[in-house]
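Mind looking over this structure? Questions follow.
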Amino acid sequence: MRKDELMRVYYQMQLARGFETRVAEQYMKGRIGGFCHLYSGEEAVALGALWSLRKDDYVIGSYRDHGYYILRGGDPGKAMAELFGHANGCCKGKGGSMHLFDPDINFLGGYAIVGGMCPIAVGLGLAIQYRGEDRVVLCAFGDGATNQGAYHEALNMASLYKLPVIWVCENNRYAIGTSVTRSSAQESMARKAKTAYDLPVSVVDGMDFFKMQSVMERAIKRAREGKGPSFIEAKCYRYRGHSMSDPATYRDKKEVEFWKQRDPIPRIKAVIQHDFDVPDEEFKALDTKVRQVLEEAVKFAEAGHELPPERLHEDLYVD
Amino acid sequence: MAKTSYRDALNQALREEMQRDESVVLFGEDVAEYEGSFKVTRGLLKEFGPKRVFDTPISEAGIVGMAIGAAMGKIRPVPELMTANFAYVAMDQILNHLALMHYMFGGQATLPVTIRMPGGGGHQLGSQHSHSPEPIFVHTPGLFVVYPATPADAKALLKAAIRDDNPVIFLEHEGLYNLEGEVPDNLEPGVIGEAKALREGSDITLVGYGAMTHVALEAAEALAKEGVKAEVIDLRTLRPWDKEAVAASVSKTHRAVVIEECPPACGIAAEVATNLYELAFDALDAPIERVSGADVPLPYAKNLEQACIPHGTDVVRAAKKAMARQDP
Amino acid sequence: MAKTSYRDALNQALREEMQRDESVVLFGEDVAEYEGSFKVTRGLLKEFGPKRVFDTPISEAGIVGMAIGAAMGKIRPVPELMTANFAYVAMDQILNHLALMHYMFGGQATLPVTIRMPGGGGHQLGSQHSHSPEPIFVHTPGLFVVYPATPADAKALLKAAIRDDNPVIFLEHEGLYNLEGEVPDNLEPGVIGEAKALREGSDITLVGYGAMTHVALEAAEALAKEGVKAEVIDLRTLRPWDKEAVAASVSKTHRAVVIEECPPACGIAAEVATNLYELAFDALDAPIERVSGADVPLPYAKNLEQACIPHGTDVVRAAKKAMARQDP
Amino acid sequence: MRKDELMRVYYQMQLARGFETRVAEQYMKGRIGGFCHLYSGEEAVALGALWSLRKDDYVIGSYRDHGYYILRGGDPGKAMAELFGHANGCCKGKGGSMHLFDPDINFLGGYAIVGGMCPIAVGLGLAIQYRGEDRVVLCAFGDGATNQGAYHEALNMASLYKLPVIWVCENNRYAIGTSVTRSSAQESMARKAKTAYDLPVSVVDGMDFFKMQSVMERAIKRAREGKGPSFIEAKCYRYRGHSMSDPATYRDKKEVEFWKQRDPIPRIKAVIQHDFDVPDEEFKALDTKVRQVLEEAVKFAEAGHELPPERLHEDLYVD
């Protein structure tokens, strides 16, 4: 990859990471309510998965959606405003943290029912195939979703109809406080899917942007060529609790440390420094830019207001 | 004008809408090669081919979810659930996704999905296969719920549902598929939310929907023989339902019987009655009578099952009870 | 008598029933090691061990189905659904299996299953996580539905539900877990189907359940300041519900407001109101007022969400409207 | 196996087959209503699966339940009466063809929602494990059920908790009019389950009683020893349409013929004749007994009456 691209990788991951830090701050200040699931630590999965997609490809995922929204090119201000519940948010403040949505970047939603978005991804794939397009669908979900019936129905249908859906399972080893070992008879998400749904699978280090990006490229190519779905198990880790209200006492320090050693951001920085000797200033400059963008995002959110209650019934039906 | 069956009327609506709009696609269990377990999709695979009419695995959550995604992908899916009883395994996709996505995403997701499903009892299919789930859908903001009683309405309203950009639960009654009725050629789409008076009367209002509309008509006929002029209103759509039309009728007749096939608690009749009391309290000379499905799962035995389902005689009894009350 | 929280009262009920009956078993998502996402099962794994308190995968249909089978295998399962919103993915197991098996199999399958699930909105959890599904369960013959408003009732009714040999949907309100109240020591199990007057009054009857009971109490307080004596009735159980008690109160006050957290169509208030009209038509001096959740999915924004949920002020307004009508 | 046992195998299969023939007759006469799914052709699957079970083991299955009920030792009269909707039926006429049930033989129900009985089987397994018993659960379902979410949730849970559940998938190649090829991305039901749920699987000729019975024995042993669930895919065929109302025009004569060549009844008869030379009279005698038993069954059903409507509300709740 070219240096400027690599610098963008660094910038983007810092942006996503920084966004979550701001969200945590604002949540503590009581300006953000509800359930709030941070993506910190898993940035390489989303960025690697999104990197080679086209603007017209569809992206859909879970309630842990800030990372995907930001890294897909969503406006951090509109995302932050949504978390504030303000009308200038990406869903007018009606969706909230778990339900970001933006048709302009074809980010078709964060969904809060585990596994619930998987059949919807199949439908997007069906539409693509029906219209003879060469778009693809990226559907991201967690390890816990593989225990939900709808997920299985979806995987079977996507394979049966050879739809251009790429399943990205973020295996961060926990579903809230329950480890994969304690919830799935088959601990490998990839093996759990491969034979059952007869599709190509890969297991990848989700803390490594390059690995993630390259398996994704293969999957995209296959999907665009009409060869059907692929499954990617990204081994990763969430640095924080399941949501802002989870102290995550069920994970021991050592485990957390082990994964923080593999933090994708220092990792990409090291690569860049190794391949091109980039002065620290350049990184600092990007960090500064991230800070500015996020400050503006918070300002944008603060400047907004909740929809007036008179408008409560808007958007219930199309007329 | 030739008689057409409820089944064929639905089939015509599907065919005409598919001819009219390239983006209309049908899928479901055995809808293509088998032509539907109630044969509503007969001939459509042949005419439109496997891209527009195809079979699915037995995966109702998958079917409904696929319809949602397909709609976001700009096609107009008309999935069939083999029967309404199988909507229960897809309830999360229907109530917690389809119904609320347009609202939750601030109006950005538009879901022109029409889910067809035959409902109702009366065929000795047993407890798990004889549900009338209409109240569950009517309770849910974000859905439209249609339940036609006649071939003409079946056709007109299915066309309207398919063209509508909102999610529509389209209930068909298993007992009506063979019902014959007049269906005008080049029938225009109906209007979702409009009730229809199928019989004029001044003494009492009988409110029905789906198969219950015919129970009401039967009762009106019997009542007429005893000199009681009953007005029969077919709701036709259950969400939204035509409160004004029904209230106007009750304001005229001062008495009403509401008929529902489902059990009574939190049912359709409770919904209709409560609103009528609110809209026409002073006009009412007697409590509104409800004739409901029995408050049990439908049993298999024919006599027991029949005892669960409203009949004309039950409605006549209820109407007489309401008539017996003297105006204050 | 020491104050106890609704959460701890539930915890006590679970502990005492498990101590009393070897066959009581708890399972659900994160109920054991994590001690429940609302900490209702705190300490139970420690006290009773992993055989009687264990975690499940995110498989609600599996959880409910497992409870049904376990019950047929002669254990007394008390599964927790992390929240009522996840009951939708298990709806087929609840409505189309659990509720009807005893009847369908001619009384041969006995299912002493108590499904605990926190419901309700008000915490900015968004549209998919803020449902009040009580009408769906109340509509269903074969189920009992309990929805306590106070710590004492939470404990007494959970004990009753666990000991009952019928399937019980036990709703807990997310907003009440921290509510403190007096809970007598060695409290006896409550009676499913009995309402309770929490406040006596002669001018109007306010009917609530779960969190809505507190909304009713708040309104009664405010009305008292204006000289209106409101009687507040807490339904406590929604199926069966105490029609006699509520009708008796209305026969005394001649006016009523029914409060529900869910949307109005085919809701709890429609059910209560319709029955009251049938049981006390002549006693009513005004139409029964309904105060319902807004007819939209619950939005995330705090002000919009609050605008969806009934408040004391809404009840006061409704009560005044009912009072404004002169007795005929 | 001893001769008398083999003769019992022959007798039992004839009984189950003959029962369905009577059912078809009565259905035609309009004395049986609703959906009615016959088991003709698949007798070796149920009998082989049931043969080595103990009286105290649990059996649960689908709406295609006549065979299991009869072969488990259920009273043909009570079953026929149930189909007549009479109060002397095994569910007082409330269940019907799809919902036979009899606690005396631990046949805990035919269920009409595809896949819906699988989580219930898990619960029976849980109860057995909890009570420290060495019983097992036999759960029978069709190929189509493997596309239903609840089925997957159940298989995972049974394996995760190592429950004594034996999954018998009757792969008769069709779900109503849809063949396995057109509905499942993985055509082998065994492979579909094996890796995903990490349990031993076997594929067996379901038209062969002996093969069925022997794989089942292994599975039972494993379950009784607390080693957990097993999965058996029985390749079989239904001679008739999906239900009495299905002409089954989607299957060509050749295919049906191919399978009828493998009919388990002549097959067992041949084995018996080969191993012990049994005079035809002995078989004729059994056939006569079958005829008598079934005539009595029909008589018993005819003698019954529907419950009076006044009793409609009985059995809704336990009091």
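Order as written gives the chain letters A, B, C and D; numbering starts at 1 within each chain.
Here is the rule we use: a contact is a pair of C-beta atoms (placed from the backbone, for glycine too) under 8 Å apart; a residue touches a chain by one contact, two chains touch by 3 or more.
Everything numeric here is computed off the predicted structure, so don't read it as measured data.
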Task: Find out how few touching-chain steps suffice to connect chain A with chain C.
output: 1
Query: How many angstrom between the C-alpha centroids of chain D and chain B?
result: 36
- request: Calculate how many whole Å lie between the centre of chain A and the centre of chain B, each centre taken as the average of the chain's C-alpha atoms.
  value: 41
Field: Distance from the mean Cα position of chain C to that of chain B, given in whole angstrom
entry: 30
Query: Using the touch rule from the top of the page, what residues of chain C touch 2 or more other chains?
result: 56-57, 59, 61-62, 85, 88-89, 92, 96-97, 103-104, 126-128, 141-142, 295-296, 299
Field: Multi-partner residues of chain D (each touching 2 or more other chains)
entry: 91, 93-95, 99, 111, 113, 116, 147-150, 153, 156, 160, 182-184, 316
Query: Looking at which chains touch, is this a line, ring, star, complete or other?
result: complete
Query: Can you name the residues of chain A that touch chain B in the complex?
result: 58, 60, 89-95, 99, 101-103, 108-109, 111, 113, 116, 118-128, 130-131, 149-150, 153-154, 156-157, 160, 314-318
Field: Contact set on chain A toward chain C in their complex
entry: 33-35, 82, 85-86, 91, 93-99, 111-116, 144-145, 147-150, 175-178, 182-184, 250, 306-307, 309, 312-313, 316
Message: Help me check something: in the complex, which residues belonging to chain D touch chain A?
response: 147-153, 155-156, 159-160, 182-186, 191-199
Message: Under the definition above, what is the set of chain C residues touching chain D in their complex?
response: 25, 51, 56-57, 59, 61-75, 77, 92-93, 96-97, 101-110, 141-142, 144, 165-166
Message: Per the contact definition, I'd like the list of chain B residues that touch chain C in the complex.
response: 61, 85, 88-89, 91-92, 95-97, 99-100, 103-104, 126-128, 131, 135-136, 138-142, 239, 262-263, 265-271, 273-274, 277-278, 281, 286-288, 290, 295-297, 299, 328
